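Let me begin by presenting the structure, written as C-alpha cells, before commenting on it.
Naming follows writing order (A, B, C, D, E and F), and every chain is counted from residue 1.
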Amino acid sequence: MKTRATRQLVVIIAEEAIEGLLTTDVMRLGAHGYSVCEVRGQGSRGSRSGEWEAAKTVRIEVLCSPEVADAILDHVLTHYFRHYAVVAYTFEVGVLRPEKF
Amino acid sequence: MKTRATRQLVVIIAEEAIEGLLTTDVMRLGAHGYSVCEVRGQGSRGSRSGEWEAAKTVRIEVLCSPEVADAILDHVLTHYFRHYAVVAYTFEVGVLRPEKF
Amino acid sequence: MKTRATRQLVVIIAEEAIEGLLTTDVMRLGAHGYSVCEVRGQGSRGSRSGEWEAAKTVRIEVLCSPEVADAILDHVLTHYFRHYAVVAYTFEVGVLRPEKF
Amino acid sequence: MAFDPVPLFFVLGFLARLARSDLKIPGQLYEALSIYLLLAIGLKGGVELAKEPFFEVAPKAGVTFLLGVLIPLVAFPILTRLGRLPRPDAASIAGHYGSVSAVTFAVALDFLRAKNVPFEAYAPLFLVLLEIPGIIVGILLARMGNLQTVRWGPLAHEVLLGKSIVLLAGGLVVGWLAGPEKIAPLEPFYFVGFKGALSLFLLEMGLVAAGQIDALKRAGVFLTVFGVVMPLISATLGFIAAAIAGLSAGGAMLLATLAASASYIAAPAAMRIAVPEANPALSIGASLVVTFPFNILVGIPLYYFVSQQIIG
Amino acid sequence: MAFDPVPLFFVLGFLARLARSDLKIPGQLYEALSIYLLLAIGLKGGVELAKEPFFEVAPKAGVTFLLGVLIPLVAFPILTRLGRLPRPDAASIAGHYGSVSAVTFAVALDFLRAKNVPFEAYAPLFLVLLEIPGIIVGILLARMGNLQTVRWGPLAHEVLLGKSIVLLAGGLVVGWLAGPEKIAPLEPFYFVGFKGALSLFLLEMGLVAAGQIDALKRAGVFLTVFGVVMPLISATLGFIAAAIAGLSAGGAMLLATLAASASYIAAPAAMRIAVPEANPALSIGASLVVTFPFNILVGIPLYYFVSQQIIG
Amino acid sequence: MAFDPVPLFFVLGFLARLARSDLKIPGQLYEALSIYLLLAIGLKGGVELAKEPFFEVAPKAGVTFLLGVLIPLVAFPILTRLGRLPRPDAASIAGHYGSVSAVTFAVALDFLRAKNVPFEAYAPLFLVLLEIPGIIVGILLARMGNLQTVRWGPLAHEVLLGKSIVLLAGGLVVGWLAGPEKIAPLEPFYFVGFKGALSLFLLEMGLVAAGQIDALKRAGVFLTVFGVVMPLISATLGFIAAAIAGLSAGGAMLLATLAASASYIAAPAAMRIAVPEANPALSIGASLVVTFPFNILVGIPLYYFVSQQIIG
C-alpha cells in the first residue's frame, strides 16, 4: 500500500465530568481538533453504566503531531490520573493532509 | 504474542450529511463491511455538537485489505476533502479470519 | 516522541445480544477493564441499523497485555465466530501507567 | 370509509422505509415508548386484578399457560416436516410463535376499547403468562437429547427477568398494590395518552419491519406462508382455550390475538443465547415482517369478527 | 403585561447557551419532538382536508407552489448583486429562504389558536407544498449553465422522501383517511399536548441557534441584515399570494409566515449534497440565527397585525 | 391498604436492578424527563410567584438561604469527628447534603397535592435558593486554609449555570412573565402529565440507585447510618427555619423535605471539579443509595406527619 505521512492518534477515556477541561487542555496544547464519543465501561473504579450524569464516560480521540501527543499525555498524567477515572493511549497512523494536524 | 494476519483499519470522521454517500462508496470500492458511531467534535470548521441534523458527525471504521484502504483514502481525498468536514486515517491491525476482509 | 511502554488494544464488534457474555469473558480472561460504544454497521450478515433490540451492535475495546489479548481473541474465535456476527482485531499502543493493564 | 389510524401509522412507516426515506427512529425513543406501553398495559391490568377474586382468575390463568406450551408443540412438526427446517431453526421459530407480541396485544386492546367491547380487564395477566412458556418449550425442542448442555440458570434469569416481563409484571403489581383510586392521577399520562404513544410506536415498527425485508428474503416462501397460516392455527387454539376458560367475547378475542402473535423482543434475545446455531433471520423474517403486519392489519379485525360470531 | 410563553422558551434556551450553561439537548429528544410536531401538524391538516372539496383547495395550492418558486428567484439577485456572494452560496441561501421552517409554522398556528382566529384548517398542506420547490430552484440557480452535472435521481429521492415531507404528508394522508371521528382518540396525545411539546422544542431551538453564533460571525453583516429584511420581503409576497388565492386573514398570516420562514432542516441537507461548494455556515447563520428568532419574536406578531389590517 | 404508586415505581426499578434484570434506562429518556420535571416545577412556581408581593416572599427566601449555609456546617463536624473522614471527603459530603434533590421535592409536591394540603405555591423558589449555597460552603470547607487554590471563576460559572438551576430559574422567570392565563394552555403537558412523568423518572432512579450499591459498600456502615440520620437532623433544622419564616404546614413540610434531601446532580458535578481528591463513591453512596430512598419511602410521610402535628 502507499506510504503516507504519519501522525499520532491519542485516545483518552475519562469520566464525562472532565470532558470540558480535557478538550480545552487538548486544544491549548496544540491540537487542531478532536472527536468525542460516549462509552460505558468498567475499570479499577468499578462499572460506569452511563445511565445518569455521574456515571457517564467519554472517549476523546485526537489526531496530532508526536510532540503534541507527548504534551497531551504528560498533561493528563500530571493533572488527571491521580483523582479521576482516566485511561489514555497513543499509536501511529497514516494520514491524508498531514498539514491539517 | 501470536503472529496474526494483518489488514488495514481505515477511519473516516465526517459530517453525517454524507454518511450515506461514504458508506456506499466504501462498499463499492471493495470493503466487505463497516461500522459507524456518532461523535461530536471540533476541527478547522468549528465545533460540531451533534445536537441537530446539520451538526452531526459520524466516525466510520472499515477493516479491509491495504489495496482497498488505498482506494478508499484516495477516493475520500478526491471527492470529499475539498468541500466537507472530513478527517481520515489508517493503520495496520492483526485480525482473526483475514479472509473475511 | 517519547518511548512508552506498550500494550495491546483488542477491539471486538459484535451483536449486542452477547455483550454481557463477552464482557464477562474478557474480565475472566485477565483484562482489568473495557469500554463499550454503540455502533451501527454492515457486514456479511447484512445491515444492522441499531434501531431495535435485535439490530444493535456494540464495539468493545480492551486495553491489555499481549497474553490477555491472545487469550481473548482465541476465546472469541472458538466460542463466538461460528454463530454470531462478530469482528475482532488488535494492535499495539503506547500507554501511560502500564501497570494498570 | 374511515380507517382506524393506528394500523395506518404502521403502513406509513413501512412504506417510508421501503421507499428508502431517510426517516429514522431515534433508538431511545423506541425504547422509551416500549417501556411506556408495557408499564401502561401492566398498570391497567393490575388495577383491574385488584377487583377480582383469586379463584376466578386462577383457572383461566392455568389454561392460558397451557396454551403457551401447546402452540410451539404444534408449530414445531409443521416447521420440521413441511418446512424441512433443521431442528434448531424449527425450535427457535416455534418458540417465537409460542411467545407473544405485547404491541400486537396493545393494538387489540385499543381496538376493543374503540368499539366499547367489554373484556376481562385483567387480560394483561395473560400476556405475562404467555410470554415465557413458549420460549422454554422452544429451547427444550432445540436441545432434546442433550438437555444437559442447556445452562438453565442464566437462561431462567434471562427469560424471567427480561425487560418486558419486569415492566408488565411490575406494572401489574404496582397497579394492584395502588388500586384504582391511587392510580387515577396517573391516568392522563398512562391511559389517555396510550393510543397516541401506540400510534408513534407503530410508525417505528413499520420502519423496523420494512428494514428486515432482507431477513424475509432469506426466510423464503415456506416461512412467508407459515407467517400467515400459523397465526390462524394459533388463534383457533386460542379460541378453544378461551371457550374452556369461559372468557367473554372480548376476552376470547384478546386471547386469540395473543396466541396468534409472535414474539420479536423476548424470544429473539433468549434464542440468541440459548440456541445460537439457529439463524435469527428466519424467525425475525417470519414473526416481524409477516406475522406482525398480518395480525395488525388483518388478524385483529378477523379475530374480532370470529369472537362476535361464536360468543358475542 | 403577560408574555406568550412559547417564544420565551426560545429566549431561555438562547440565553442559556450564550452564557455557556451546560444545559444540553439530548439529540434524540430533539428528533423525537421534531417527529411528533410534524406528525401532529400533518394529522390535523389531514382531518380538515377531508372536509374540503378538491376544487376549493386546488387553486390555492397552485398559488402557494408558485410562491415557493418565486421567493428564491427574488432572493438570488439580492444575494449576488447587493451581497456580492459567489453563485453557489447565493443559490444555496436563496433555496433556504424559498423553503420553509415547520416550527415557525407551528408557532404561528399556536398563535392563531390562542387568539381564536379562524384560518383555513388545511393550511399544513401549504407547508408541504412550500418545502420543496424553493430547494429545487436553489439548486437550479447554483447549477445554471451546467445542469447536466446535477444527479437528479438521488436528489429527487433525497428531497421528496426527506423525513419532514414524509411525516407531514404521511400525517396528512393518515388524517385524511381516518377522518375526524377516528382521529378523536388521538387528540390528547397529538393536539392537547402540542403546545407543551412545542415549548420544549423551542427551548432546544434556542440552544441550537445560540450554538451557531459562530456561523453568523462568518456570515457577516450583510447576511445578518438579509436575515431580517428577506422575511419581510417574502411575507409581503406571501400576503399578495394570499390575496390572489382568496385566503382568510388567518390563512394569509400563515402563508406570510411560511413565506418568511427559512428552512434549517430539509434545505441544509439537500444543499450539502447538491451544492457542496456552498459554505453551510452562511445559510445556517442567516436562516437559523437571524431569521428564525426574528420570525418567532417579531415576525409572527407583525404578520398577524398586518393580516388583521388588510383582510381581517 | 392502597399504596401511593409513585414510590412503588422506585421500588420496582430498585428491585429490577438488584435482581440483575436487563431493564435499562435509555440515557436520553432520563435526561428528557429530568429537563421536563425541572421546567414544570419552575413554571408552576413562577406562575404563583407572579401573585405574591415581593416583601412577602423576600424574608422567607432569606431564611431558606441561611438554612442552605447551615446544614453543611452541621454535617461537616459529624463527618470528620464521628466518621473520621478526611477533610475533602467530609466537605464534599457536607456539600451534597447542604444542596437539594429536585426529584425528592417533586415527590413531596405530589404528595401534598394528592392530599389537597395547601402550601406556599412559590415553594420552587426555595428549591432554587437551596441548591447552591450548600455546594459553595462544602467547597470552602474543603479548601479552608488554602482558599487561593480555588478557581472561583469557573466554579461560579459551573454552579450558577448548571442545568438544574437554569431550568428551574428559567421556568420560574417564564412562568412569572407569562402569568397564569398564558400558561394555561401548557397545563396538559406540564402539569397534568407531571405525576406520570415523575413515576417513570422514579423507575429510572430506582435502577440508578441500585446500580450504585457498590458505591455504598465502599462508603461503609458509618455513611449508611449517616444517610438516614442526617436527613432527620436537616429536616428538624428545616422545620425550625419554617417556623421562623412563618410558613404554613404544607410549606414547612416542603422546606423540611428540601433540607433533608441530598443533591445527586449539581453537587457531584461541582465537587468533581472543585474537590477532585474527594472520593465520589462516598457521597453518592450515601446521598443516592441511602438518603434518596429513605426520603421517598419514609421521610416524606414522616415530615408530613410532623408538619401536621406542629403546625397544621
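To be clear about the criterion, contacts are C-beta pairs under 8 Å (C-beta built on N, C-alpha and C of every residue); 3 or more make two chains touch, one makes a residue touch a chain.
In this text the structure is predicted, and so the values were computed from the model without any measurement.
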Minimum number of chain-to-chain touching steps separating subunit A from subunit F: 1
If a chain touches subunit D and subunit E alike, it appears here: F
Pair of chains joined by more contacts [C-beta pairs], D-F or C-D: D-F
Identity of the chain that, by mean CA position, is farthest from subunit D: A
Chain centre separation in whole Å, for subunit F relative to subunit C (CA means): 40
Mean-CA-position distance for subunit E and subunit C (Å): 45
Where subunit B and subunit E are represented by their mean Cα positions, the distance between them in whole Å: 34
Junction residues of subunit A, two or more chains touched: 37-38, 91
Junction residues of subunit F - those touching two or more other chains: 22, 24, 26-28, 32, 188, 193, 269
Which pairs of chains touch, using the document's own definition: A-B, A-C, A-F, B-C, B-E, C-D, D-E, D-F, E-F
Contact footprint of subunit A on subunit F as seen in their complex: 24-25, 27, 30, 204, 207-208, 211, 214-215, 264-265, 268-269, 272-273, 276-277, 280-281, 284
Sites on subunit C touched by subunit B in the complex: 8, 11, 13, 37-44, 57, 59, 66-67, 69-70, 73, 76-77, 81, 87-91
Complex contact set, residues of subunit F against subunit E: 26-28, 31-32, 35-36, 39, 43, 157-158, 161-163, 166-167, 170, 173-175, 177-179, 181-183, 185-186, 188-190, 193, 269
In the complex, subunit D residues that touch subunit E: 2-5, 8-9, 12, 16, 19-24, 26-29, 32, 114, 188, 192-193, 195-197, 199-200, 203
Subunit E partner contacts - residues on subunit B that touch it in the complex: 15, 17-18, 21, 38, 45-47, 49-56, 82-84
